[in-house]
């Protein structure tokens, strides 16, 4: 612990503040003051992100297997948007949830998830990261199940299965990584891993393990189910902050910018990522719940993140630039998705019914535009910066990738259009359960702050080349593309409006999970039957022993019956006598 | 008077004190219990004094009347005798204590009990101290008659038929033994074990004598398949008598067999030991099997004796070369531990029978706290019977196991260990009943004569059980006692019989 | 007899003597009985603590007197024995308090607490035994002392369970006896020695040594519930909850597992075990047990039965860690003695609380019980998460070290086993947690016994919460001096010293 | 010598005959007599073997032993007869049950 500055000690506050409030809330669940205090448990984290200068480090050798907390550039950015989003969502929740809704319970889970999420960001070693990751994952189970509907039950079940699967995959990944690096510190892992013979195994496990959290295509199935069923503020943090934990895991563990280029892995990730972008858009527009649409949008956006990471693996020399873009992408998505989810809540609140209706509508459109990558938004900035990086790929791949990155816009626009269509404040939704009278400011203020921060971020990103992006031509082409996409969407919407939706077999929410669920159920049945048989075969020993005893009894019955007889006894006596004499004669 | 060894008159007192007591108890029936107690005290005192002498000074010897062998009667006391005397004294003292409470009401039976019991004790002590084959026959017969009479004391038909069967077979056994003695005398002209040991050769007379004596003693020891007299007799006798019979009487003939084997018979034919060992193994399995299927508690305990006797015979095949000392030490330790444990079990069973008014296993239950101590005694004695540590039963089985490995015959561990498991099976079949809740099983029979057990009866049973359990810790001391004098001193040194 | 000699005996006496006195008390003298229990508990804990401190300081505690020809009765304190002793002493404290609360107003408490004390005496004896015969002595005493606890209720079911229990454990004891006797005949020595004492015999007697190893492991495996010797454990769960806690967490299965650790490390030595080629099969058995136990647990509807099968699975972690010949895996395995103990005792206490307070025995009756008994279910949740291996619960560290150890010695399949086990654990524990916390509670509970205040009696709740907190604490503070992991590190250093 | 052998063989024959009768006859009196016959056989063997060294006076020790043996046998027979009578009075028949009653 020597050498740790006072600033570094402040890092301890980040996870312990929410933990302390959570424990207090468990002990005194009825204290209103505590629930009001709950969101502000993220404040120390936010303050640290803004006020502390990386790098900071503090060792706690007594905790777990020797814990290191630290703040580096990556952590700082993650800490900023995560804490910000948690704070905003938390304040929103104080207004959104009423006393009777089990608010204290909600906040207990909320705070534990918050502590985990914030803790994993400043974790410098694998175990504290893993522990925080687990705490976050398991605590958000409570958030997802908060409404106790059958739908929530199913979503929760699938979520927890995926969480556990992710946990064990990560366990294996971390164990192997720790063995390869002979260290638990993240600082030591990527360089060691780049050279290790187990590199590919670790990569596979980590990609899959963190991919579950991040919603990588194929592993995303829990996401569109879980995000919508949670209360709106919880959806915001789930989709905005928590899925980024998977990204952070990749950043910490994968040998990005280290060692040789991993083109195979890079191409695989890029392929999966781009596929996710379009697939999620395709499935997403078929959804009827705006929050589900947003969840698919998250999958789609995380596809972009996956693509960027793949690029980083394939072109390690460009990693410093790519990493900056990825971080900004994460921040942008967190703020945008947070604002959109809270917007859904706003649209269902009494605000949307009154004179602020247009304001609410504007508040929905702005982040949607940002997400779609409109000029002068953070989304546009990211895509603009990512394209040139794509060109760094070796010959046949660079140009197609850059083109595909541009086309992702189409998918996003479609999704956002569908979202706006579904979430548009009609003024008639005031009867929705979440629209009961609530203190308006606790809803509006965090939401507005988020939107403001999102808009502001486009201009304060500090990314290299950011100021040069918005040339006239770029803006024009951006607006034109956007307009074209919007027109297409409108046309499609008009055409589709005439179609009887119910006759089209639309992909259900959670898409791939449906057949998997069925398969698992039948697997479970089969294994139960097999086990039953096996057990009978094993416990056959007991039955066999019993029947053996019965047989023995029957066999010995004649012996029992002659036991008391004189004639047999005397015969045996004589026989023994002769036998003994005969033996001693030999 | 010639004294080739250390001459100890205590050998005589060990025999005569109980005999005088027996006569006195017969003469003064009203004071029989008092006489019994006094005689017990005196006998225990002289026996312990003698044991102390053996332990400290080595083997003791006394020529009665100064005649000396072959005409007179000589008394020997070595480590083996001392161990047997010790066993008898310990069990005898406890049973005396128990009997003072047990026989309180039934005066007629009580009077005979004391006389017969003291006579039995005297005969057993004489048997342990004799070194002459004919004397041994006489003492054997005395033990038999006294035991039969004790069984018959209960007076009911089970007891009488049991006693009758026992007596006839006992006579058969002793006569067979006597025929062997006759052949030996005819061949060698002497009956002194010490003298004979140098003369015996594998001649027809000798091997016929060996067969006769071993077979005769086997029937008296109730070796399967010659055991069938034992369960009815032991089960039908009054509790203290059952304890004496199972704990001591069957061991007397085995002691004789052991002594003859060690000192007299040329063990040129290893098959001989193997046959006895096989019968021992058979006894273990058969006795346990029968014990398991018994419906009455005392019969179960009696069959347990049949099984446990089998262990005594396992040493015969095991006692080869270097393993001999270990095997025989284990056997003697087994005698001691089984004596204490079986006494405890029969006394406890007696208590339970007296309390419940019957001993049908199916209808027994823990009942009131009044009987809990007896159940505890039964269970703790079971530990020793099963051979779980730290009981002396464990030490004995350990030594037998060591002998079987050391003699390269590991397969004998199957009866040794298997017998333990079967013993556990029949012990816990009964011990589990103690845990039935109060509203199940019998509450005790208020009409039964002694529904309220005296404290003495409960604690004697428990004392035996605890003694058997704790004796494991005294194993080194007991083994040290055994090493005094023939035959064990030689075993250790020479390693060959 | 010096202080250092008498201390091991005093540790045994501190539960033996109160136990024997309790047998003699009147059923009504509740105050005296409770006082005796508590005095014994606290005294034992103090004495063990003194010994732990002394061992750490390099003191040697040994008492020895002859028992059999060539064999002594030896009680000795080394790092491993103190580890187990401390675990037992601490958990006995919790269990005693719990049992006092649990058995309030039930009959035959003297008998119960008497045997309870004997049981702990035997466990401490197992821990402190300095050679195999002394070990066997206490091992069998443990069987005998637990039997009355298993059949305590006296119902036909419990008597049957008791019979099954005895059938397995006594057979195990017999095999152990045979193995020990053979070993003594072969080696002439049975003293536990760091890194074993058989290396000189491998050349000439390898077949015999393998046979003895099989006998010993089979004997110990019966208590450690290695498949296929596990059949008694699920049946024995009919016993009262404190007994189950004792069986599963403190005494019986632990004695078996501890014995396996002793045999592998202090009788054979891991090198001899490896040379004989028996480590692999042992690890395989452990692995099969881990998976099979979890699979069976998955299909149990009775809470305690589910926990019992979970024990079958979890205890084999210890065996697995022992069978993988490497220091890191051994740390994981041995530390799991404590980790599993704390977590499983938590779970059984919770199951007891549920049964005692609300009459809940089946998983489906747990609906919404989290609201009615939040503290109990919180403790249960912690314990269950620990079993799954979620950090920072203690169970995670066992898995971490086992897996790392497996990697270290080139046996990565261990990770697969651990993952399978974690998944299965999650599969049978998470539905319980979900049912308890997130389903609507029923109108009435099966058999509610309303406490004066709070969710249940404080005597039941306090130990539950404390052990749950310790299960969390030993994980969180895994690197503190005197934490189980650090202590095991010391032990393993000795066993693997060059 | 041959006379001795003859006596000894006759004695052994009596012994086996007694054993046969003991096994064969259920009536207790017959059994008691059978045992007595066996005893007589043993004593006969003893008597025969007393004549150990031809030409010399026979050994006194076997005689003493036979006398002692007879005393033992008489007392034993007395006890046996009393027992038999008690058995008859208790069970009504002078037989033993073939199976011990359970």
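Chains here go by letter, A, B, C and D, matching the order in which they are written, and residues are numbered from 1 within each.
Here is the rule we go by: contacts are C-beta pairs under 8 Å (C-beta built on N, C-alpha and C of every residue); 3 or more make two chains touch, one makes a residue touch a chain.
Note that the coordinates shown come from a computational prediction; the quantities given were computed from them, not determined experimentally.
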Chain at the geometric heart of the assembly (C-alpha centres): C
Winner on C-beta contact pairs when A-B is weighed against A-D: A-B
Averaged-CA centre spacing for the pair chain B and chain A, given as whole angstrom: 78
Centre-of-Cα separation between chain D and chain C, whole angstrom: 66
Whole-Å gap separating chain A and chain D, where each centre is the average of the chain's CA atoms: 99
Rounded Å distance between chain B and chain C, as computed from the means of their C-alpha atoms: 42
Contacts with two or more other chains, residues of chain D listed in rising order: 19, 22, 97, 100
Touching two or more other chains - residues of chain A: 563-565, 569-570, 573
Chains grouped in pairs wherever the two touch, ordered by label: A-B, A-C, A-D, B-C, B-D
Complex contact set, residues of chain A against chain B: 552-553, 556, 559-560, 563-565, 568-570, 572-573, 576-586
Residues of chain C touching chain A in the complex: 228, 231, 295-296, 299, 374, 378, 385, 388-392, 396-397, 399-400, 403-404, 407-408, 415, 418-419, 422-423, 426, 430, 434, 437-438, 440, 475-480, 485
Chain A residues touching chain C - in the complex, by the definition given at the top: 26, 61-66, 127, 130-131, 134, 138, 142, 145, 148, 153, 156-157, 160, 164-165, 167-168, 171-172, 175-176, 178-179, 527-528, 531-532, 535, 538-539, 541-542
Interface residues, chain C side, partner chain B - complex: 27, 66-69, 73, 107, 111, 133, 136-137, 140-141, 143-144, 147-148, 151-155, 158-159, 162-163, 166-167, 170-171, 173-175, 177-178, 181-182, 184-186
Chain A-touching residues of chain D, taken from the complex the two chains share: 16, 19-20, 22-24, 26, 97-100
